[in-house]
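One chain, subunit A, appears in both complexes that follow, with subunit B as partner in the first and subunit C in the second.
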Partner chain A sequence: MKRWVLIVVGVVALVLPYVTEPIVVHTAIEILIMALFAMSFNLLFDGAGLLTFGHGCYFGVGAYTAALLMVEMRMPMFPAMVCAMVMGGLTSLVFGYFCVRLTGVYFSILTLAFAQLMFSVFQQAYTITGGDLGILDIQPPAFLVEVNAYYYFTLLVVGVSIWLLWRIMQSPFGRTLHASRDSVVRTQFIGINVRRYRLAAFVVAGVFASLAGGLFAPFNRAVAPFLVSWVKSSDPVLMTLLGGSATFWGPVVGAAVFTTLHEVAIGYTTYWLLLMGGILLFGVLFLPGGILGFLEERLHVGAAAPRTRMTEASGASSNARAD
Partner chain B sequence: MLLRTRALTKAFGSLRAVDGVDLVVEPGRLHAIIGPNGAGKSTFFNVVTGFFTADSGSVLFKDQEITRLPPHVISRRGVVRAFQRGTVFQTFTVFENVQAALLSRKGRTWNVFALASGMLRSETLRILDTLGLADQADVRAGHLSHGDLKRLEIGIALGMEPELLLLDEPTAGMSPEETAAQAALMERLVREQGLNILFTEHDMDVVFGIAKWITVLHQGRIIADGKPQDVRRDRHVQAVYLGEEL
Partner chain C sequence: MTFADVVGQFLSGLARAGVLFLIAAGLSFIFGVVKIVNFAHGALYMVGAFLTFSYTKTLGMSFWVAVLLAAVSVAVIGLLMEILIFRRVYGRPVADQLLLTFAMVLIIHDVVRLGYGSNLRSVSRPPLLAGAVFMGDIIFPSYYIFIVVVGVAVLAGFWAFLHKTRLGKTIRAAVGNREMVACLGKPLPWLFTVAFAAGVFVDGLAGAIGAPLGGIRLGMDFDIIILAFATVIVGGFGSLPGTALAAFIIGEAYSFGIWLMPAIALSLPFIIMAAVLIVRPWGLLGRSGGGEL
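Let's turn to the complex of A and B:
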C-alpha cells in the first residue's frame, strides 16, 4: 500500500474522536479489535496457508481470562490482559500441537472441533463462567472508562500489534511460513520441520487473537459464550476474504467494512444477516481478491500483483501430495 | 565412499519398486541412474531423501546412517534433492526462492523480527550467477519458463550447500539447447564447486555425454553398474533397452 494512504488513514484515526460522535468512536474501537483479530487469523491463512475455523476460541479465551481475573480476582486490567495473552498462547499451544499434525480440510475441521469443545466448557461451567449469562460488569480502570480514552488505548495496542505482525511476516520466520504455504514438500527439502513452524505460527496467531479478546472484554463490559462460538470464528474468515487475504492490510479493510455494515444494517432491519450474506456473496463472486486486492489491481495502489488465496491454498495442498 | 545403500527395499503392495538395491556413490563423480520407466529410479530417490520410508535395508551417508530420517534432517546433513517438475515457491521471486534455502541453511529461520529482504544477498546472487539467473532475480517464479524453472530447482538445492545433490530428471521437458546448457551446468558444478551429483535421466545423450559412472535399474534391481563404456556393452542392459541405441 502506498505510504500516503497509510498516513491519511493514520491521521483520520488520530483525530476521529474530535470530529465525530461517541457512537462512531465506539464502532471504531470495535473495528480496531476485530482488525487485530482478523489479522491474527490471516497470519495463519495467508501466512502459512492454514485455514482455521476455530480462531474464535482464542479470542474467547482471551476475553474470558481478562473478564474472570478482573471481576473475580479484582486484578487490574493491564496484568489481566497479559494473562489473557498467556492463556491464549497456552491454549493454542495445546490445541495446535494436535491440529498441525493434520493438513488441508482435516486441519480446519480439527480447529473447529477444539473450538466447539471450548464453547461447551464455557457455556456449561456455570460456577466459573456464569454459563449462558456470562460475566458482567467488567470495568476498565477509571482513566479508560471514557470512550475516547479507551479508543486511544485500543489504537495504541492494535497499532503496535499490527506493526509486530508486519515485522513477523517480513522476517525469515515469516518467509519460511510463506514457503511452506507455497509448497510443503519443497520446504521440507530445504531442511525445515514444517510442523514446528506451523505450531509456532498457530501460537503467535492465538496470542494476538486472545489480546483482541482481552481488549474486547473491558470494552464490552461483559462476556458471553457466543464469543467462543463458531459464529465468532467465522468473523475473521469472512472479514479477511472480504478485505483481501493476499494483502497485508486486507483484514483491516474487511474488519472495517464488515463492522460498519453490521452497525448500519442492524439499525434498519432485523434481516441484517441476510444483507451481510448478500454482500459477502457479491464479494466472493466479483472481487475474488477481496476489496483491497481489487483496488490494488485496478488502481495500482500497491506494487504486488494480487493473488487469490483460495486457489493457491488448494494448490499448496495438492503440491503436498505431489511426487 | 560418499553414499551407500545396503539391500534397500521399498514396496507398494505387491510391487517391489526398489528391491534390495546396493548402490555406492563415490565422491567426485557425476553418477547417473538410468532405467526404463517404472524401473524404480524416482522411488529410490524418494527413499534415499526420506520422502518415503524404507521397508528394509539402510542408507549411509559418509558412514552415518540416514535411513528413515525425515526429509528436513537429511537435507541438513548434506543430501539435497531437486524435483522433476519445477516444485518451487510460486509466489516468491527467483531471488527469494534461493534465499529461502540459504536462510534455512544458515539457521536464520527462527528469527521473527529482522527483515528478511536484505539478508544473505551476496550469497544468493552468487548462486543465481552460477545458474545464469541473475538477470531474472526479481521475476516471480510463477512466471518463469520451464527451463528456467528447472534451473531454479537446482538453485534452491544449491542454497542448502549440499555435498551430494540428487537431481531427478534434470533435463526432462527441455529444448535441445536448454538440455545442453543444463548438462554443461551439471559438469561445471562438479568440476568447479566440488559437488557430487547423482541424477536420473532419460536422455541417453546426456547420460553418456557427462556421466562418469552409470547404474542401471530394472524392475527395482541393479542390473549393471560401472563406467559408461562398460555399461554400454553390457548384454543385459542392451536387452532391457532393446531397440534403443546405447
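Let's turn to the complex of A and C:
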C-alpha cells in the first residue's frame, strides 16, 4: 500500500475523537480490536496457509482471563492483559500441538472442534465463568473509563501489535512460513521442520487474538460464552476475506467495513447473517481478492496477484474414497 | 440403574446414531465424490425438519408423505445450490469452497428464521409408530426401531447403488480417476450433481425422520453439523461402514454420557474426535495418508 494512504489513515485515526461523536469513537475502538483479531487470524491463513475455524476460542480465552482476574482477583488491567496473552498462548500451544499435525480440511475441522470444546466448558463451568450469564461489571482503570482515553489506549496497543505482526511476517520466520504455505515438500527438503514452524505461528496468532480479547473485555464491560462461539470464530474469517487475505492491510479494511456495516445494518434489520452470507457469496464468486485486492488490481496502488492457497488440501482429499 | 434402564438408554442412543449416520453418510458421500466439504449440510438437515413440520401441521399431509416430500424438497434445494453456486468453484482452492458453503449456512439460517421465527416447533410421531414393543421390563419404542431400520436400509441402499447400478459404478470410477471417466464420454459435471443431490436427499430424510425425536429449532443446524463432522472424521472420510461405526459410538457415548456424566456429555463427541484425529487422523476405518503432516 502506498505510504500516503497510511499517513492519511494515521492522521484521521489520531484526530478522530476531536471531529466526531462518542458513538463513532466507540465503533472505532471495536474496529481496532477486531482488526487485531483478524490480523492474527491472517497470520495463520495467508502467512502459513492454515484456515482455522476456531480462532474465536483464543479471543474468548483472552477476554475471560482478563475479566476473571479483574473482577474476581481485583487485578489491575495491565497485568491482567499480560496474563490474558499468556493464557491465550498456553491454550494455543496445547490445542495447536494437535492441530498442526493435520493439514487442509482436517486442520480446519479440528480447530473448530477444540473451539466448540472450549465453548461448552465456558458455558457449563457456572461456578467459575458464570455460565450463560457470563461475567459483568469489568471496570477499566479510572484514567481509561472515558471513551476517548480508551480509544487512544487501544490505538496504541493495536498499532504496536500490527507493527510487530508486520515485522514477524518480514522476518526469516515469516518467510519460512510463506515458503511452507506454497510448498510443504520443498520446504521440508531444505531441512525445515514445517510442523514446528506452524505450531509457532499458531501460538503467535493465539497470543495476539487473546490480546484482542483482553482489550475487548474491559471495553465491553462484560464477557459471555458468545465470545467463544462459532459466530465469533467466523468473524475474522469473514473480515479477512472481505478485506483481502493476500494483502497485509486487508484484515484491517475488512474489520472496518464489517463492523461499520454491522452497526448500520442492525438499525434496519435483524437479518444480519443473511446479509453477511450474501456478501460472502458474492465476494468469493466475483471478488476473490477482497476489497483491497480489487482496489490494488484496478487502481494499481500496489501489486497483488491472486494466489492459490492450501495446495496440500487437495492432495489430502484425493486419498479419500467413496466406497 | 436396572438392566431395563441400560437397554432403554442404549436404544435411545441407537436412534440418535441412526439419524447421525444418515447426515454423516450424505456428508461423507458428497466429500468422497465431489470433494466438497459441505458446511451447509446441517442447515439443509434443519430445512428438512422444518419442512416436515410445515407439510404435516400446516398442510395437513400424512406423516409418510410429508417425510418423502421433505427429503425430495431438500434434494431439489441442494441440486440448485450445486448447479448455481458450487459448480463454479470446483477448480478453486479448498478455502473458497469452504467459505461458499459457509455462506450458505448463514443464508439458510436467516431464511428459516424469516419463514418460521425463533420458536420451538414439534412434529408428532405417526400413529402407527407411536407405541412401543414390550419384552418383559424392557420397552422398545417403535419409532426408535423404525429409525434404525431406515439407517440400515440407507446403508444397504447406498452400497447397492454404488456397486450394482451402472450410474453408481460410473460414480465410483469417477472417484478413482476423473480424467479417464471424462475421456470415456461420461458427463462428469452431471455425475457430481447427481451425487450431491443424493447426499443431500439422505440429509433431508434425516431431518424429516429426526423431527419427531426432539424439538425443531434454529441452531440445530450448527449443533448437528459439528456432530456430523465428528462422525465422518472418527469413521474416516469416504468410508460408509466407518461412518456407521462412528455414528454408533458417538450416539451411544452421548446417550450414556447424558445419563451418567451430564457435565461432560456435550463435550464427549469432541473429545472422541480429537482423540481419533491425534491417533488415527484418517479415521477408524478410513485409509491412511489423508490430511497428515
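Following the convention adopted for this analysis, the second predicted complex is superposed on the first by the 302 of 323 C-alpha atoms of A that agree within 3 Å, B and C clash if a C-alpha of one lies under 4 Å from a C-alpha of the other, contacts with A are read in each partner's own complex, and residues count from 1 in each chain.
Throughout what follows, contacts are C-beta pairs under 8 Å (C-beta built on N, C-alpha and C of every residue); 3 or more make two chains touch, one makes a residue touch a chain.
None of the values given here were measured: they were computed from a predicted structure.
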Return first, second, both or neither, reflecting whether A:Val82 touches subunit B, subunit C, both chains, or no partner chain.
neither
Which chain, subunit B or subunit C, is in touch with more residues of subunit A?
C
Looking at A:Pro172, would you say it contacts subunit B, subunit C, both, or neither? Reply first, second, both or neither.
first
Regarding the shared-chain residue A:Val185, is it in contact with subunit B (first), subunit C (second), both, or neither?
first
Contacts for A:Leu90 in the overlay, against subunit B (first) and subunit C (second): which applies, first, second, both or neither?
neither
Could you look at A:Val284 and tell me whether it touches subunit B, subunit C, both or neither (first, second, both, neither)?
second
Classify the contacts of A:Ala113 with the two partner chains as first (subunit B alone), second (subunit C alone), both, or neither.
second
With the two complexes superposed on chain A, say which partner A:Leu274 touches: subunit B (first), subunit C (second), both, or neither.
second
Just to be sure I read the superposition right, which of the two partners does A:Tyr197 touch: subunit B = first, subunit C = second, or both, or neither?
first
Examine A:Ala13 and indicate which partner it touches, taking first as subunit B and second as subunit C; both and neither are also allowed.
neither
Please identify the positions on subunit A that touch both subunit B and subunit C, taking each partner from its own complex.
194, 312, 319, 322-323
Subunit C touches which residues of subunit A in the complex?
45, 51, 98, 100-110, 112-114, 116-117, 120-121, 124, 184, 194-195, 198, 230, 234, 237, 241, 271-274, 276-278, 280-281, 284-285, 288, 308-314, 316-323
Subunit A to subunit B touching residues, read off their complex:
167-168, 170-176, 178-179, 181-183, 185-186, 188-194, 197, 204, 305, 307, 312, 315, 319, 322-323
Subunit A-touching residues of subunit C, taken from the complex the two chains share
28-29, 31-33, 35, 37, 85, 88-89, 92-96, 98-100, 102-107, 109-111, 113-114, 162-163, 171-172, 175-176, 222, 226, 229-230, 233, 237-240, 263, 266-267, 270-271, 273-274, 277-278, 281-282, 286-287, 289-293
Can you tell me which positions in subunit B touch subunit A when the two form their complex?
42, 46, 49, 51, 70-73, 75-76, 80-81, 83-85, 87-92, 96, 99-101, 103-105, 108-117, 119, 140, 156-157, 159-160
